[in-house]
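Below: one structure in structure tokens.
Should a chain be cited, it is by its letter among A, B, C and D, assigned in written order, with residues numbered from 1 in that chain.
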């Protein structure tokens, strides 16, 4: 069972009544009804996100604006009903409402209502895409969740190193950006220190938009230094994460293969298919 | 023998007749005739791809259009005859037609015929470049194929982790792109959500075309965050693939190392530091 | 205790007088007064850096120029007093003035005074951001300092390899840049060899501003080669740093692991798989 | 002694005459005269490269054209005399002339003479920068040469994997570039297949000049795919090189620390400071 499913299982109402049956359909994917519900849900989410995207394309909105408006409200009302049903059938309402999926489920319907007051906010509906993460539960992609957990644990283990690295990068871009502001000045596009810091980030991360480029010889020389630094220090986060992923992968592999421990000499490096200890020759 | 060659060998007609002799020339590279055929074939492929490329250069097409047209038809007819001969001499026609090289061989002649109906489609002839992959067979570059297999197996082993990573990146660019659309709006070049998602991909992958750049202070701040994220998370796929390639290389090296062979039971899987055979317990 | 704090402790005046009490407040963070002083200091630094940044934004400067001018002088005088107090309470004045933090503390007040003679130099005040590094001391982020030291030692260990790499890159961009200058010439934007070397750095590091792009067929072909080289050799610094970080992490982990301690001779450096003490030969 | 120096030592004339003494000064750096010669040589090289660079800057050339012209000829004649002296004092002239440094020494003087016939070719004089590589010999930077050799051997060991990777990348950009040419067409800047392949390289390597960008929805979608591919597959060369550098570093470390092999049980994993075998307890 993935950790993700367990969280929900904890919230299942006791006994065998309409609430627990509804819970099985909406929150679980083990019954045919539950699976069908989830498939229809994901299809609805993807369709509704597609509608939001198309609504932002001017030519499409001019041609099919009314249709898209109706689709948006249709899905919003559908997801609102779903949210109410979810609230009804969980044992602990606060727990669901405060969980990651509970918050995302609410955020996925708010923008449409909000757009009645604040026009334009309906585009925030794309947050619905996060709901699709449920797909991992339906498809029983437990193995993918395990891999994701391995990656997250590797990132967490390297969190402090990454923080130190990001802190160094931020200090670097503040100082380099300000130097470029003093060197190049407003007449060459470096209109302010925040703008110059933005340039330093664009250059150090090797993005290189090219909307602001140094013009003075000193500025060009300094920008070359920034690029070489950026090109070199990318090795640092990569090295950190690679080392952690290697460790996590090694541990995962070792955990999978049980080793034979010799009771006589205590050697725990015997292969799993060994019949005799490779150090003392005693039968295992 | 590389896996690649074996697939073909399975399809060789029985007996010693014109079909099996033709098969040896066209599909194999062990006889002088077979080797010469392959060398001429690769030269033809490269020449024909070069002709397609030059045909797309306007100044060249205006000057030598007729010549290029003739070259194109010459090679297409040549490759068509070759395809028919291949079909004739294989034992199992469906197997060849359905194989990767069978499909590529067909795709390499289709665009010229198609261009009679759909002008412009002849440029798809560059797909012929895939036929050059046969070069590995001629030059007996089995070692290169082994390295390629090691890389492919490393990528396969990290496939699930890469999928999780790509899924995360796609979710990220959809949400970040939509936020930028709301923040910057159409007047600053972020004309629609799909366009803004494109911008998010351009920025996150550190490509940075610079055709669309944020103008508002909030947009500039968010884009800086996107760049730092993109600069940092590239460490994740790199870490995944590096770990897998390391494992694959370690295994490859260990396979090359001489193992302790037991004189008593013949077990050749003992570790290099083993003192006793792990299968029969006899001192090595 | 972090190495950082020890350096300061060495400079504490002897006895219990106003100087040692002032030292505790200004340099240490163990007493409530010391902690409060540091928190106020960091808040002042961040506010003053923010003021410098806003001062560089034209619209903001026109609206609130006088206010920002006053804030700048207020913080400069405040930090000047702080610097004098620091000088007063340390045992060895030369040692503090010559230390990294001593130099940064002085540089953080100089630009304002300098701006009376050289207008514009006040923007160099952002160097104050370096003072924020003290934050690690206040928050007792010793673990972060350890991680930083691990990273620095990994970078130092790979210093010679990185030097060789940078030397190769510099030689490469000088030669490639000059070739592009000869090929493309001034009419295509490659106005001089230094400018062309700048282009080579922009391209090799994959920054790609796009302000100068090759126009001639030969230049386009060479630039493609430069890109492929840049895309491939980034693997070299990454590989170097990754290997060193892995070694440093492995050592760190091994140091944490409990070693076999010999009850006979007290040697605590036995490997975890040792059966006999490596110093006295007694069975563990 | 580095391999680099040995190559030269092999070419030293026998006996103690003016030729062997000249050889010591010009080719070696062990005597004071030899060291001084090398330092003056490197200073001359750097000055002459600087002069070539400044000569390419239009404003500088207009102001000091004659001076630069004289400097150029001064250094060319100086280096020509040096080349003749080198030729005179080596035992085997063909061996020196054919060595890497022999060729570079000749190339470093040719462009000036060539510029009498072909104006503009004097800028190729920057090739002189390669002569500076001698600096490693003077400064006795043997350790740096060792590191360089480690890097080169790691790159060589991964050469076949890198070849397979580059072959895949080239096939990819030919096909993706041609697809973009068909999709976008000449009206959107994709003027020919070679130009579109150039765009594919610019995008895949994450350089992203932005001089050519897709305009059609299909082209934008495909370019997003190219970017994601480029962002992901950079992990492959990095992984390959990292694995090799790790192996090379591990071997280097292990070679430095001699291990104690136990004569009784054959265990070769004892620490270098062990007095007793950790497996059988026998005195080493």
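One rule holds for everything that comes next: a residue touches a chain if its C-beta (ideal position, glycine included) is under 8 Å from a C-beta of that chain, and two chains touch if they have at least 3 such contacts.
Model, not experiment: these values are computed from the prediction.
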item: Chain pair showing more contacts of the two, A-C and B-C; value: A-C
item: Most distant chain from subunit B, judged by the mean position of its C-alpha atoms; value: C
item: Interface residue overlap between copies subunit A and subunit B, same or different (over half shared); value: different
item: Distance between chain centroids, defined by C-alpha means - subunit B, subunit C (Å); value: 42
item: Inter-chain centre distance, subunit A versus subunit C - centres from mean C-alpha coordinates, in Å; value: 29
item: Residues of subunit C whose C-beta touches two or more other chains; value: 194, 197, 206-210, 230, 234, 238, 240, 242-244, 246, 273, 275
item: In the complex with subunit C, residue positions of subunit A that touch it; value: 160-161, 163-165, 171, 174-175, 178-179, 181-182, 186, 191-194, 196-197, 203, 206-210, 213, 217, 220, 223-224, 227-228, 230-232, 234-236, 238-240, 242-244, 246-247, 265-269
item: Residue numbers on subunit A that touch subunit D, as the complex places them; value: 206-210, 238, 242, 279
item: Touching residues (chain side subunit A, partner subunit B) in the complex; value: 49, 52-53, 56-58, 120-121, 123-124, 126-127, 129-130, 132-133, 143-144, 147-148, 150-151, 154-155, 162, 166, 169, 194-195, 197-198, 201-202, 204-211, 234, 237-238, 240-246, 249, 253, 269-271, 273-283
